[in-house]
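Read the structure below first, then the notes.
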Amino acid sequence: MRAAMRFFSDNAASVCPQVMEALAKANHVDTAYDGDALSERLDGAFSDLFGKQVRALWVTTGTAANCLGLATLCPPHGAILCHEMAHIEVDEAGAPGFFTHGAKLTLLRGEGAKVTPETVEEACHRVRDDVHQVQPAALSITNASEYGLSYRPDEVAALGELAKRRGLGFHLDGARFANAVAFTGADPADLTWRAGVEVMSFGFVKNGGMNAEALIFFDPARAEVVPRLRKRAGHLLSKGRYLAAQILAMLDKDLWLANARAANAAAAALAEACGAERLLYPVEANELFARMTADEAARLRALGYDFYDWGPGEVRFVTSWDQDMDDVGKLASAIKSL
Amino acid sequence: MRAAMRFFSDNAASVCPQVMEALAKANHVDTAYDGDALSERLDGAFSDLFGKQVRALWVTTGTAANCLGLATLCPPHGAILCHEMAHIEVDEAGAPGFFTHGAKLTLLRGEGAKVTPETVEEACHRVRDDVHQVQPAALSITNASEYGLSYRPDEVAALGELAKRRGLGFHLDGARFANAVAFTGADPADLTWRAGVEVMSFGFVKNGGMNAEALIFFDPARAEVVPRLRKRAGHLLSKGRYLAAQILAMLDKDLWLANARAANAAAAALAEACGAERLLYPVEANELFARMTADEAARLRALGYDFYDWGPGEVRFVTSWDQDMDDVGKLASAIKSL
Amino acid sequence: MRAAMRFFSDNAASVCPQVMEALAKANHVDTAYDGDALSERLDGAFSDLFGKQVRALWVTTGTAANCLGLATLCPPHGAILCHEMAHIEVDEAGAPGFFTHGAKLTLLRGEGAKVTPETVEEACHRVRDDVHQVQPAALSITNASEYGLSYRPDEVAALGELAKRRGLGFHLDGARFANAVAFTGADPADLTWRAGVEVMSFGFVKNGGMNAEALIFFDPARAEVVPRLRKRAGHLLSKGRYLAAQILAMLDKDLWLANARAANAAAAALAEACGAERLLYPVEANELFARMTADEAARLRALGYDFYDWGPGEVRFVTSWDQDMDDVGKLASAIKSL
Amino acid sequence: MRAAMRFFSDNAASVCPQVMEALAKANHVDTAYDGDALSERLDGAFSDLFGKQVRALWVTTGTAANCLGLATLCPPHGAILCHEMAHIEVDEAGAPGFFTHGAKLTLLRGEGAKVTPETVEEACHRVRDDVHQVQPAALSITNASEYGLSYRPDEVAALGELAKRRGLGFHLDGARFANAVAFTGADPADLTWRAGVEVMSFGFVKNGGMNAEALIFFDPARAEVVPRLRKRAGHLLSKGRYLAAQILAMLDKDLWLANARAANAAAAALAEACGAERLLYPVEANELFARMTADEAARLRALGYDFYDWGPGEVRFVTSWDQDMDDVGKLASAIKSL
């Protein structure tokens, strides 16, 4: 099957050429772990991007980035509020429980996997402030959300204010943060620290990277213990420069944003083809969730298209940074012809 | 500083060209996680190497490989016997405690960081079999050892027999297993499963890889839960094919062995230059621990050589797969001239 | 305030005289920990009660009993299915996460805090069988439930069959098991092992004990590791005979059942006074949840009665083994007069 | 066997009458958990004893007290320095690893299970300050020590100063603190907070209590999270007043000290009988470790005395608060006659 026919997952996409070149260029001796010249540039590169002094560490997976971050916000006896469809709840195999030594995820409901101040407030209100009940310690949101919706700056800020008032740490799962920035056109700062986010995972792998994600602390003091936690979790690579190289290549000339725009554009084209009646949610990133009968799905598959069965009568398409727009156009036509 | 002048750590070395080529060749869409064509070849490749059906999983660090392996051998309330200089004790930031949920490392003494049946027996004997004392559950050795000594097959087998008799799981930290195989000339099977080893980490990063290590279970049934543990620890990479590609490239035509032989040869040349009176231990892999006054060390450093101060009056040289033998010869001469 | 006026919690009640006598009688030297003559009688006493060879251990709290039991049924990477109002979820401060090293509670809905086969099946069905999702490993129910409802033998059996089919361990929180047996008149065996329950906590403290609860394993082999887990959690008391004495005194001549019957009778009298329109749930144990305006509650309190505000317009009464029936009658009249 | 003939363990002794009376007197309804009148007096009672505002919590075992205390001093990624014979290392089944979520015990050597500033300094010095090595976070000593030696105030103070300088939390295992105070005649304050101790377990069970120990924080702010940790570990008893009652009875009129003096006097009498050549250590509390041939031990046992075989040619006698001095005298004579 040709790559261009795959709309299954952005995790399956190839690595973009600039990243491959950066790996080749990094291929010489340097200090081990994160003492190399490239790793030492990470803090600065992200500080430039966010317009604020931050602390940035590489890790190899979003799960590690999310859970190391959460471990700094929530003690073992605390709770993390998140959407019931949150990746940390649904798709990380219990990693939050592992990294936090047993903290609890308290699940919130809401359309499109988005968290609202109301659901957070309600969840906090329900907890008696005594030693018998696990007290909320942190809030985690995903932007773009697990259903491909992008929070706007004011939505994040409303959650940030509430988190502050309630004494909750505020974490952002940014596996597809690039797609949210590309879609909203917002300043990355407005979607994060200016809106109260304290820690985020910044995804690169789904967006053209090979195996490097960034864990960002907007208050560098908060990150002090993280290098130890990272090492203790087996996530301190000895040749860290090959991770730093990937991230720096993606940040260079805003490649991360260009890639996300390409993926979003492909999704938008498919969304247009689907039409409002098929779409379960507006398409605000690089994922589409659409109503489709089993027969319709079979017909698309017979044409060579690969995608995910989401639920009965529902399918998911995910577009990638390297999606060929001709192929996208053909799939769009095929969908229209169903 | 030229790479060739660095004798600080094999972790700092570059990635060998065959691995870089394999990464480039793997750069196309494929199934995410470890469902890709390359990852699926790992079991077979290692089964061929060891002459036995094994289960092999990629991870990105030796710490993760060691600790995921140990987690299958030792319950949270058990103890792992290891040398007091073992990497898992000294250099993994408490990762064994993290991955095992609090198991204990019981430390053994012995020359050159090597474990003997006597020290294991003595440690087991000391423990009362009651609920107040933590019971030994596993034995872990490192080959080549943290002081660059290589266990011979019969040494491993003696430990394996004892482990079996005592009901201990048997783990091998093989961060420099290649160097031990290269030095002893032993069949990898004789240093592992035929000698009773049940789980091992097989190191590639120090030997020319970029960021892929292998975790090998000689009884595939024992590995059943490991994919879950790996994911839960944030170690399931979404583009796993780029790890599998590295390992397969290293296994191809025994590149792993050729690289280790090169590193060992460089070490042997330096060992010859040092002479027995300088050496703290025989050189049986790619590390040298040598007596050297601060003044002597300073003179070598003035010539541009980089190495590690091990202790007062002691230094460590580590050679890598890509060490230039001309440079090695010059350093050897410089040492002789001290 | 006189004790008889308190309907706040059975945790606040006094210790029954037979338990106090048993403590006095046990007050002589004996072997420490659980090697004493009384502790050694526990297995036999519970085996007689249940008509089956069981393994029984004392602990001091229901939380410890529940969580040590759950730790044998669910690995750190698994999930325990329970009602969203379950004590282990709502009132144990995250202890299940602590004792299981991070396992997850998957919450079920249902009337009166009761679990049904449908909710269990639905929760299992929702989980993809892959490494990304936490797999259900155990089912936990509470009998009598957190809303004072008693499961009947066939209800437990239906859950037990499903648990077996789904490969789930089956745990029973029996903090008020005595009240459920007293209400249903069922054979304890029919509410437990004959219905598939594998592990239970058997509560005594709410029923007249001082600080001893029992942890029962219906398959003694399953309990093998538990003495270690108990010690590791700091729950192995050095003078364990004073716990065993309490439990044996409660089992003697079915004092546990007599006490539960007394508490249930008091609750039944209040239930009759409340009438169906006030009651949120049928009263099937020693707890009542009733609709009551703030004004009505204030009037009862002005008469000297102590009880819990459950929610807006809702109150909870709990009756104890030592409730004076005259006082109960007076409260019943007062409720009727509201 | 008569109780008086038992010199096996102070854990086996009976409960003293004043404690039994206090339990009887506490036997009426009161608020559950630790909201009762007796529990609320604990802080004050210990504050009086120590001449300083402290926070005191009851728990049922020394293991729980020690490990809850240590959990406040040492993060999961830290190390606790303690003697290699420390109870927390040797006899708590890995509980420190459980309560701290995997912290490490770094073992110190030294005569009579006593820790010295030199051994602490040496252990700290050995650790590189990088992310690969587990950093020391706390120091724990036992007074009286596991070999029955009592630290003097200046010895504790020297360790306290070092702990402060090194940034280590300072924990005292006071399972036999009463015996140390009785032996040294020191002010309890001088053996604890004035000497830098921050957290201690204060033992009562070995000294005449039934199942109540105290966990003391000399800085109440440090204790803030502990009620949650206690509950999460299943150590919050619902009828806590029966624990508080025991402790208050022991503190009343310094019963704890009188009991310890009685036990120490019995030990001193046996020590005199043994003579210096038999004793492995000076007797400074209620334990004796003595050289004794198997034949000699058998002869004492034939006379009805019960004690512990410590090692080849070594025995241990432990005396209790209720030891009959006539029996002690007879055992002393028997030892002299060996």
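Each chain carries a letter (A, B, C and D) given by its place in the written order, and its residues are counted from 1.
FYI, a residue touches a chain if its C-beta (ideal position, glycine included) is under 8 Å from a C-beta of that chain, and two chains touch if they have at least 3 such contacts.
Here the structure is a predicted model, which is why all the values come from computation and not from measurement.
Enquirer: Specify the chain most distant from chain D by Cα centroid.
Expert: A
Enquirer: Across the interfaces A-C and A-B, which one involves more C-beta pairs in contact?
Expert: Taking the two pairs in turn, the one with more contacts turns out to be A-B.
Enquirer: For chain A versus chain C, what separation do you get between their C-alpha means, in angstrom?
Expert: Chain centres of chain A and chain C, defined by C-alpha means, are spaced 42 Å apart.
Enquirer: Roughly how far is chain B from chain C, going centre to centre by Cα mean, in whole Å?
Expert: 51
Enquirer: Calculate how many whole Å lie between the centre of chain A and the centre of chain B, each centre taken as the average of the chain's C-alpha atoms.
Expert: 34
Enquirer: Can you tell me which residues of chain C touch two or more of the remaining chains?
Expert: Chain C, residues with two or more chain partners: 76-77, 92-94, 98, 101-102, 131-132, 228, 231-232, 236.
Enquirer: Of all residues in chain D, which touch chain C in the complex?
Expert: For chain D paired with chain C, touching residues are 3, 6, 9, 11-15, 20, 23-24, 27-33, 59-65, 67-68, 92-95, 98-99, 205-206, 210-211, 228, 231-239, 242-243.
Enquirer: Enumerate the contact residues on chain C facing chain B in the complex.
Expert: 75-77, 101-102, 131-132, 135, 225, 227-232, 236
Enquirer: Looking at the complex, which residues from chain C come into contact with chain A?
Expert: For chain C paired with chain A, touching residues are 76-79, 90-94, 97-98, 100-105, 107, 131-134.
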